[in-house]
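Should a chain be cited, it is by its letter among A, B, C, D, E and F, assigned in written order, with residues numbered from 1 in that chain.
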Amino acid sequence: MSPLAAPPSEPSAKAAVLCEALPYIHRFAGRTVVVKYGGSAIAAEDEQALSLFAEDVVLLRAIGIRPVVVHGGGPQIGALMARLGMVPEFRDGLRVTDAETLDIARMVLVGKVNRDIVGAINLHGPWAVGLSGEDAGFIRAEPRDPALGYVGEVASVDPSILERLLRESLVPVVATIGSDTTGQAYNINADSVAGAVAEALGAEKLVFLSDVDGISTDRADGSSRLSSATPEQLSELVAAGVIAGGMIPKATACSRAVSRGVKSAHILDGRLPHALLLELFTQEGIGTMVSAR
Amino acid sequence: MSPLAAPPSEPSAKAAVLCEALPYIHRFAGRTVVVKYGGSAIAAEDEQALSLFAEDVVLLRAIGIRPVVVHGGGPQIGALMARLGMVPEFRDGLRVTDAETLDIARMVLVGKVNRDIVGAINLHGPWAVGLSGEDAGFIRAEPRDPALGYVGEVASVDPSILERLLRESLVPVVATIGSDTTGQAYNINADSVAGAVAEALGAEKLVFLSDVDGISTDRADGSSRLSSATPEQLSELVAAGVIAGGMIPKATACSRAVSRGVKSAHILDGRLPHALLLELFTQEGIGTMVSAR
Amino acid sequence: MSPLAAPPSEPSAKAAVLCEALPYIHRFAGRTVVVKYGGSAIAAEDEQALSLFAEDVVLLRAIGIRPVVVHGGGPQIGALMARLGMVPEFRDGLRVTDAETLDIARMVLVGKVNRDIVGAINLHGPWAVGLSGEDAGFIRAEPRDPALGYVGEVASVDPSILERLLRESLVPVVATIGSDTTGQAYNINADSVAGAVAEALGAEKLVFLSDVDGISTDRADGSSRLSSATPEQLSELVAAGVIAGGMIPKATACSRAVSRGVKSAHILDGRLPHALLLELFTQEGIGTMVSAR
Amino acid sequence: MSPLAAPPSEPSAKAAVLCEALPYIHRFAGRTVVVKYGGSAIAAEDEQALSLFAEDVVLLRAIGIRPVVVHGGGPQIGALMARLGMVPEFRDGLRVTDAETLDIARMVLVGKVNRDIVGAINLHGPWAVGLSGEDAGFIRAEPRDPALGYVGEVASVDPSILERLLRESLVPVVATIGSDTTGQAYNINADSVAGAVAEALGAEKLVFLSDVDGISTDRADGSSRLSSATPEQLSELVAAGVIAGGMIPKATACSRAVSRGVKSAHILDGRLPHALLLELFTQEGIGTMVSAR
Amino acid sequence: MSPLAAPPSEPSAKAAVLCEALPYIHRFAGRTVVVKYGGSAIAAEDEQALSLFAEDVVLLRAIGIRPVVVHGGGPQIGALMARLGMVPEFRDGLRVTDAETLDIARMVLVGKVNRDIVGAINLHGPWAVGLSGEDAGFIRAEPRDPALGYVGEVASVDPSILERLLRESLVPVVATIGSDTTGQAYNINADSVAGAVAEALGAEKLVFLSDVDGISTDRADGSSRLSSATPEQLSELVAAGVIAGGMIPKATACSRAVSRGVKSAHILDGRLPHALLLELFTQEGIGTMVSAR
Amino acid sequence: MSPLAAPPSEPSAKAAVLCEALPYIHRFAGRTVVVKYGGSAIAAEDEQALSLFAEDVVLLRAIGIRPVVVHGGGPQIGALMARLGMVPEFRDGLRVTDAETLDIARMVLVGKVNRDIVGAINLHGPWAVGLSGEDAGFIRAEPRDPALGYVGEVASVDPSILERLLRESLVPVVATIGSDTTGQAYNINADSVAGAVAEALGAEKLVFLSDVDGISTDRADGSSRLSSATPEQLSELVAAGVIAGGMIPKATACSRAVSRGVKSAHILDGRLPHALLLELFTQEGIGTMVSAR
């Protein structure tokens, strides 16, 4: 396991951690936890981060929790396009996606990033199964804006193939390609897919492993992090401009998922080793938790 | 929960305890752990000990482990006999048990000690069920020595009623009365019953919560405790007189259970708070572990 | 089996009994019959009565009926208190029950009377399982009157542990101790418990084995026994003073159970050999039957 | 039910019959009893006999026994042939059966006698289902002797359709027509079919309801009836000529069935009202019982 | 198989038939098809017709369709009555049925015609099971008109025994005798029974194999056949006298079945080889189809 | 459906095709058919071929056959490498595969070819699920020759994830990447994978859709095609040099699969429209069939 820290040597300190963690282990057993794992976190230079993440996923699965991994891969798509001499075109910050770009995106997400995550988990045992939203047609997409080409939004999610895999104690790893009723594929924002999958599965938790340690009211002031928030509070913070940029889709996905039945959504700093374990099994948790009350 | 200790405040220290504990939690899920809880430990003056013990049992059950409690009650039997003006007769350290003494012993074990343990557990939820070996005839007894009267030995254990309760996530609490084929009841040594029950259930672990911290080669020297031993080593220690007195039946029960399929047997100091949790979920464990190799 | 009577030697007479009994055997197969067996009936001097009762219970079980035995034990509690030099205090005919008295009552009911009934049944096979209402918290109690101490009333019955045992063709034998939500035990009137258990199980029949042959409108006149009555008629007889004394709680329990779904309730003379069989399998039955119409 | 006899009025006499019968009711519950009901017994002039027989079958079914009825119909076949002006030809006591005779026999057995038995049972409830051995090909036949035409012997019995009906608590009523692998139908002796069906079902009992009260060593002396016999004893009696005529196939079928796994076979006087009940549920039984020891 | 036609030798032509048929095979798999097979079609002189019909039934069963055959037998009843010298009496075209006539009809339908169909199917494998409506009381009848004697109408159909056989991949062959609540048997029109059975089973199709190729608006003009019709259109055609005679009960049964949940009803020319296959597995079908729209 | 051919208009000709096909449909229902679909057949210029293939797969699935598609993608891998300016290196006709080449191969097979086949099938309904042999570790690989880099051979196949999908009527589409125990991926020859998957699934048939119409003894002479062969005959033909080049791995896979339990293996001309249907459902079949006798 991870060599990063030594456990406390005092039996009573250990017993205290256990007494704190066991009730959570009981409460989450059999529950589904959807984890959005960002494309940047998977970059080749950070192999240990992927390895630590895979270790957490394997530990959760071992004690009966049902993790689902959803991932993006923007940087990797850009890299292959560059190698092929293609010049990306952006409109309002979104990549314009023609047929060839879609083919590249699909190859990278399904054939590269997804495979790397599956491989990191399967080093521990044959448990991860890679999926694209096209498989069994489980992510139904619709175009977001004609001007953007094959950039899609989630129209619906049919969770039955995911549930089938979870029932067999397998770990679905989802690449965020969807298809419409004519079979046309679309590339979809991974934050939205993670939220929609969590909703469809009636997940206990939706966790965004990001590169900030949660939502802060003042980004310059580390101590201004919110440890918890309601969807209403998030709306106000967006309206007030406190939440901005790439944090907006995460905040929106959290709010939406919580208002549609997911018990809680979390934004954590995925760079903290074992962030998933600490969030799930300690009383105070880490990052920002969004829940109905 | 228990106010005895504060957990370490460092996230990385917590994460380390969790990384150490989770694989054990996974390994023992669904497994049966038979715990012998001594009569002396239940004396009225030590209500907090019973309460901490019940808390551990409840935590084990919560995470899918199947605990079975077996208890004695010698001091309590003696106390009621004294109140009734009866003078106990001992032969070779064993209480001679005539019909009236047996009636008293049965009332105390089944109607008093068993009830107190059931009550302590059920404070957390309606999970404990008290049983006497007479119920569904599950402990078949035979006389140990005619001169001792109704003092019995275990002839056989039919584990089906225990398994039924365990399947329903209930916690059997067993009073050590057995009966022969004519329906005659016998009082049986609780250490032997715990061992026989563990064998019959194919238990993962048999744990004796005693008042010493394991088996030592030199009782005067605390550092001489054996952290592990094989049945063969125990035989040698008994032959050499190193293991003596009340420790002999415990050592014998450990050896016998391990040689008949129980994975490991443990002698712990039951007075250490959360001894059960520390034994089960930490790498080094506590007390003395007896296993085949 | 019982040596009390010779069967008729005429085949046609035998055939007639069988033709009469078989439809009842069919009708009651798989149904639950709750039998209240009184503490006085179990006194040591009447061992044959207990043995005949156990034989009936075993025969019912054999043909697929599901008997549940509920018992009291007032005389036996008094006897032990006397031996311990305790002086019982009564208020309005009810024993004032302090903590020590409760301990004694529980020891006697759970550790002595319950054991004797379990033993008498298990002479035929390993089928009886003794239970106290504390087990799996299945009888929830509340105090009846603060002045009486730990004398309880039934607040609710969770029949799931009984149903589990019945499904396995085991015979629950219930001691009438209940507990409140803080785990405090209470002694409860056995007639009320029998009624509440029958209700909770949706029993086919509730049978009180008492020392009179049913309800009579004129106790001096044997021929005035009612062979059947409705709850309404019982209310009138109580109001008119015809039903009095210890017969009141039995009549009340009958009325209440019938009005809450038990098909019929019966008060029989438990001293008549095989009273249970005659009530269940003959057209005229015996004693007094209470039913909705 | 039957008006033939009054039950004894003494409770103790009734209780004695019940105590005697209940263990048998338990022992035979869920077991299969194959009853051969003779064609002569079903003649129109004896409607009450058929009605009493049907009542017994219905009572057995009600208490969980699984009756299977196998019947012949020689007299009824002869009657229709006579009406059609056909002259039966016999060889060694067996009817020579050409294609037309087979057609008549099949019409009478399947379309008349079988229907009358089904009708008599179904007066009580929709439980009887008439079957010919051709249905689902469950009785495979082979010719007995070319000279006899379509007179068959049992080659094999596939009990699955019978077991299916029995599992649904239905009562199969079997007409003794079988078919060979080319689909050709044959008329088969009903005693042999009853034996083969009992074997194939692993029946508890095979009962022949005949017009004698069992096997006697001296037919002139009623008191010479054997109450029990082994297959070996029957062989000796046949060899010695004591068993003769129409009793030979019954004795043979009894011996054969018992030696192939049927627990016991019985020859009773079917004219005794409720003969089936008396045989099954009384200690002494009636008629002659054939069993392995 | 049938020697009647050679398949086309062109692969592409074969592939085209398969592409046309496979979707129907999929659509009808697991569905129930009730086929009325007329008594006239079974006359002895036309053995090949019965054999081809049986072949179709066996092929349907093989690919997972659940066929149920319902048959009449008027000509055969008349033949046996004539041999017995009985003179049939008709009133308004319906046979007056006294007790003796009913006995004859039942013998012929259940003991002769039903057996012949069962035999023809079972030549291929042990799959057909003959049933009369009396079996398990599954066709409840009521008298049609006192003046007609034991001529019945369908009061209700309990499909459970049919469903049980279908679940086991057996083929029920139904003779159209029903019984009332007193057990009295009645002879019922086979067209009505076929319709009522299709309704009770929620059949996909009800098919009448008749001796015309469907419903024509002008019987003299072959090209006037309706390939499809609604129940309303049929009513108008009956009212206008276009549908007349023996076609009326078929048209009525079609309309009624369709309006009570059967997907479609068909009148085909049963003399066309493999009429059933052509109707089920080709786009255009044959005969006249009645459906809701 | 396909516009390629008109079905024959004669009912009797249609009936003949149906009578020929239905027994095969019955025989193959529920059976698994593994189809190797070549990378060349999927080239973009031949969209109709992929579309006709997908139609056949969908029809097979509809009638209860369980198709599994295994595909390669050599031409597509070469095309992307060319675009990236990479120069492939071959040794003995096999592509030397370094880490970067493997990454490209995996992206193309998993992220492009696999997706195109999944998309073509899912146009008909959400049934296809793409898999790489890494998913749930179901294809365990080992290196073929160190000089070739990451070119692997099949070490073992764990069919459980395929069986799970087949049980849910889904169609697995397999990209031929495997992984070793350290998680390292390998590119494996698709013919070998198809054979190993068929073995592991105990498939009924293994079908190679190639660009020749089977195995011929004289390639110049179309009429020399073998319609069937045994593994032994194939060995002789390989030894004699009659089977050569790219046909060798197909012949070897056929022989090996048949000798390990697959019922039959087939080499067909995949360019013939509906080749799969014609092979499965006509008496003569097409191409060359390899079977044990």
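One rule holds for everything that comes next: a contact is a pair of C-beta atoms (placed from the backbone, for glycine too) under 8 Å apart; a residue touches a chain by one contact, two chains touch by 3 or more.
Quantities reported herein were computed from a predicted structural model and do not represent experimental measurements.
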Check your understanding: Using direct touches as single steps, what is the fewest number of steps from subunit A over to subunit D?
Key -> 3
**Study point:** Other chains in touch with both subunit B and subunit E
**Key:** none
Check your understanding: Looking at CA centres, what chain is most distant from subunit C?
Key -> F
Practice item. Mind checking the centre-to-centre distance between subunit B and subunit F? Centres are C-alpha means, answer in whole Å. Key: 61
Check your understanding: With chain centres defined as C-alpha means, what is the inter-centre distance between subunit B and subunit C in Å?
Key -> 36
Point to revise | Residues of subunit E engaged with two or more neighbouring chains | key: none
Exercise for review: If every chain is a node and every touching pair an edge, decide which shape results: line, ring, star, complete or other.
Suggested key: ring
Practice item. Would you pull the subunit E residues touching subunit D in the complex into a rising list? Key: 83-84, 103, 106-112, 114-115, 118-120, 122-123, 125-132, 134-138, 158, 161, 164, 168, 170, 177, 179, 182-183, 185
Study note, to complete from the structure: The subunit A residues in contact with subunit B across the complex are 1-2, 4-8, 10-23, 25-26, 29, 55, 59, 62-64, 272-274, 277-278, 281-282, 286
